[in-house]
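In the part that follows, the structures are each spelled out as structure tokens.
Each of the next two complexes has chain A plus one other chain: chain B in the first, chain C in the second.
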Partner chain A sequence: MEFSYEVRDSYAEVKADGRLNMVSAPKLREFVTDVIAGGSNRIVVNLENTAFMDSSGLGALIGCLKAARQAGGDLRIAAVQPQVKMVLQLTSMDKVLTAYGTAEEAFSND
Partner chain B sequence: MTRFWTRLVVVLTVITGVNYIAWRWAASLNWDAWWIALPLVIAETYSLIDVMLFGMTVWKLKIRKGAPPPPHDATVDVFITTYNEDLDMVMTTALAAQKIRHPHSTWILDDGARPELKALAEQHGLGYVTRSEDWTSNLPRHAKAGNLNNALMQTHGEFLLILDADQIPEPDILEKTLGYFNNRRVALVQTPQYFSNVPADDPLGSQAPLFYGPIQQGKDGWNAAFFCGSNAILRREALMQLGLVGYVKETEKSIRRALAASRSAIKQARKSADVDTPLVAEVLDEVEAATVEAQRELDAGQPLSEITYRVRRRVDAAVQTLVSADVEALQADLEEIAAMELAHVGESGVPVVADDAVKRMSARDWSPLGALESVQAVLDALSVERNDEAQPVMPLATISVTEDMATAMRMHAMGWESVYHHEVLAYGLAPEDLKTMLTQRLRWAQGTIQVLLRENPLVQKGLKLGQRLMYFATMWTYLSGYAAVIYFAAPIIYLLLGILPVTSLSWDFFVRFIPFMVVNQILFAVAGRGIPTWRGQQYSLALFPTWIKACSTAARNVWFGRPLGFAVTPKARQSGGPSWSLIRPQIVVSVLLAVAAVVGIIRLATGLAEPLGTLVNVAWVIFDLVVMSILVRAVLYKGYQPAPEPADQKKES
Partner chain C sequence: MVSPPEIRRAVVIEDDPDIRGLLVRVLAKQGFDVTEAAAGLPGVEEVRRRQPDLVTLDLNLPDLDGLEVCKLLREFSDAFIVMLTARADELDKLTGLDNGADEYLSKPFSPRELQSRINALFRRRPSPAADSAARSELQRATEVQQSLLPQEDIRIDGYDVAGLFRPSRSVGGDFYDWYQTDDGLHLTFADAMGKGMGAALIAATVRAVMRSTGLRHDLDTAFSTASQAIAADLDSSNSFVTLFHARLDAASGKVSYVDAGHGLALHVKPGGEAHRLPAGGPPVGAWAGSSWPSASLELEPGDSLVVVSDGVLDVFDTVEDFSAAVRRATQGGSSAQAASSAILALAPAETAEDDVTVVVVRRLPKDTAA
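Up next, the complex of A and B:
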């Protein structure tokens, strides 16, 4: 799994490419925490290239949401792929994390 | 009476043979030229063992009086196996099979899945079978054995008559053979393979009168007559038993392998820095405990399906614990978020992850354990489903390209009996060109050596000593290529260099060697009862490159997993002019032999060589050249004349 981020006008976009699983989930947490510590509290996690997510991956996303909120910001997700979407729906986490079509859309209304 | 004379000659052969070879080892070796002396005496010992095994075979020569009348209610499936043969040929055989008198169903087993053949079969009311959808492209097809195994799952007859596409059966083939199965222990009746497109002088050595005669009759005496792929009747019950026993054995083997692999996979996973949370460590502990328990149960002989089921259950439970922990942590995070800013979460409160969702997230395809790929792979291998084969039960052995011999050996090992019925009841077509013939012989030899290396008959449980030696005898003959090279080299070395592998060609040598040679030839004459064996003797020596290639490719295949096929097909064209390139090694050897003879005579004339040594070795060279001369006729052979069909019959595998 590879992580990267880019600071945009009003938010920071984090890309997580690969499988978001037990091995890579703690790394996502760490990565996002660092981005927040770097001064961005509005985070979009772009899941365009995340083909798979397990319960650890889901836990990491919620953990990152908490960190963003604690920093006074928010975390949103974009470009969700089918398997990840199924996991979100199955666990009702789609009510907590709204999936946006693209990273640009995520913070476009506020 | 014949039996008495045969046994007498066998005894004389053994006495004279051992007398000669013992003297060769003890008193005749020219150690100054050990590099040829030793190989030669080893080759001669090889030949003595070969002839002793032949003697043992014919010792129990069994001449059967014919089978009792067959049970009328015996149900029979006739299988005609085909892959790419000419449709006319397949249909000729199939229609002849349809006319077999005993009630039966005729099936065309078309591995080529040709729609035209299917239509022809339907038109004539014949059964038609192709591979079921289980045989997906990623699984091994096992050629003819796979074709037969597939058909066994789709038919029900108590007995199976197996025919190659070119083997036209006589209408009475079942009436003459089914009666043997009245003996409940008989699993196989093999009849000869005889070819109708072979001229009397048989330039390609297609007929095997010694094999489909004294050799199979002798093996029959030891209850070791074996299946030769076609013109044989098999008992389904025996085949299915073989398949089931094989399935259990294979499954246990693969479970043992998986358990062994799991230990290192878990160790590796523990070491990896990726997994350092205590929870994951706990799951790994649990998986390890489950596999240790499974190993104990396996050693205690508990049922495989239960063992693997229990491992699955324990691992599933552990994974579920892991997922639940993830979900609990996530839920706690959500509670904290909700406490921070109530408005965001909404009135319904924090969403709760349902138990069903936890279960789904724990299933194999979404399991967090999937991240530890090696661990997951090992757990997947702990199954009884045999995912690496199209069918879990493979009645015909798939360890060799000659599935027939391997299958028969396993049947014998399980206590079944076999019968050789010495009467031609089907007429086939032999290859009509050297290239096809060489390819076929190479395949047979490769298959036999595969069986030797994978399931050496000498150490197979369940086989009686006689049976072990009978199977071993056939395999032993295929090692002759190496001996042949030495037999060619020895006279060349003497005639060119004057180096003799024996200390002297004296009275001591001739008095031991000549009786052995004479008795040896008498043995073949007596055991063969006048059948022509010379052609077979010629080819067993002349095809030495084929035998050597078979041994080396089969060894590479068994030991290193290399494919057999890459060296199989000679590049020469099947049609067109004579293809001398097929016998290049033999041409080289023949030229060397001839040159050596000329040089030897010159050396004799100039006093460099002694007369007796030269005489013996020139005679030896002449014998070798006469043996090899058959290849000239084989290359020039233009096919069977009276037959209108062209000579392009191809056989599967």
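Up next, the complex of A and C:
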């Protein structure tokens, strides 16, 4: 899995490309923690190229959300693919991790 | 958390981008963490860096001959090497030579054939990259997990109850537990996040806590007390657990249940429909301040309550496909045991990366009920 990020006007966009599983989950946490430590507390995780997520991956997203809120900001997800969406719905975590169509939309209303 | 010995790595060395893409997809689907190289020398470097369990190697590469690459790899790697060639006539010659490869396949190959060859390799001997210390850790985790399964059979008049658990090579956090009560049955079905010893220990805690809640009469109170105890334990490990807990009143067929982020329980009617029970809230430990309202259903004679782990779901593209297949397997099974076996079979043992667990509680049709 590969990570990258770009700081936009009002948020930082993190891209996570590949499979978000037990191997890559801790790396995502580390990556996002570094972005938050770098001064961005409004994070959009762009999941456009994340075709698969397991329970460890979901755990990482939850951990990142907690870290962003802890820092006074928020974390939102965008461009969620079908399998990831299925996991979010089954676990009822779609109510906590808000999904947006695109990264631009995620913080467009606040 | 323990290091994950069960995550298998593969390197694809192949110059044709289309075939390379296909190989990567097929292997990823089998649960490998896959990286790729388009030529021999970069391939050797990639294998050195990644120390994979499996390498697929094209015979005709732009820089080095595949046999040459194979020799180089064998100097430092004991990964399984599957050699691919476009020329079927080369195959006979190659297989007669001891050039370090474990398996040969001619192109075009079907993904299914590749999968079954790879599975056969891994069945023959355990992955060489899995080191023995990690294996004994895995063995202990397996023992913990096995010890969580209920020892006693359930015998309730008018009901047929069965459960099956098939561990994967890696140990997951799945378990189910049940016991008879004066009124009927208490059932717990859980899956702790992650794999290995960490997940197995969390599962053990959850089992103990859920057993202790059986003494409380009211399901909502019992579950909220239990979830608080579990969440407190999970907080330090940054983990969570999906949990389905049900209580059956045998006389009426009423099942009261709480679903915390599991979402894979089905109410199956003998006639046709299957109703999937949606989760009442997130997994326990996932999000502070969550609550899980209990719900209930009526098991009529012939109906089944089926709870399945996500190891079965992973085989299907959508929840709808999954539900339909589980429904058919349930309806086709003449007993709860037969239905459980049929559901397990939906996730073939060779390809399943995760544990597979299923419990079937069937209320017997009126004419067969005593």
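Criterion: the second predicted complex is superposed on the first by the 110 of 110 C-alpha atoms of A that agree within 3 Å, B and C clash if a C-alpha of one lies under 4 Å from a C-alpha of the other, contacts with A are read in each partner's own complex, and residues count from 1 in each chain.
What we mean here is this: a residue touches a chain if its C-beta (ideal position, glycine included) is under 8 Å from a C-beta of that chain, and two chains touch if they have at least 3 such contacts.
Predicted model only: the values in this text are computed from it and were never measured.
In the three-chain model built by superposing on chain A, chain B clashes with chain C.
Residue contacts after overlaying the shared chain place A:V96 against chain B and chain C alike.
Contacts of A:G73 after superposition: neither chain B nor chain C is touched. A simple residue count on chain A separates chain B from chain C, and the partner touching more is B. Once the two complexes are overlaid on the shared chain, A:G63 sits against chain B and chain C alike.
Contacts of A:P82 after superposition: chain C is touched, whereas chain B is not reached. Superposed model on chain A: among 24-32, 78-86 or 366-374, the stretch of chain B in collision with chain C is 366-374, the rest showing no clash. Comparing the two interfaces of chain A, the one with chain B and the one with chain C have residues 19, 21-23, 55-56, 58-59, 62-63, 83, 90-93, 95-96 in common. Of all the residues in chain A, the ones that touch chain C in their complex are 19, 21-23, 55-56, 58-59, 62-63, 82-83, 86, 89-93, 95-96. Considering their complex, residues 4, 7, 28, 33, 191, 193-195, 238-240, 242, 261-264, 278-283, 286-287, 310, 313, 317-319 of chain C touch chain A.
Considering their complex, residues 274-275, 277, 280, 322-323, 326-327, 329-330, 333-334, 336-337, 340-341, 344-346, 348, 351-354, 356-358, 360-362, 366-372 of chain B touch chain A. Chain contact summary for the complex, chain A toward chain B: residues 19, 21-24, 26, 54-56, 58-59, 62-63, 65-66, 69-70, 83, 87, 90-93, 95-96.
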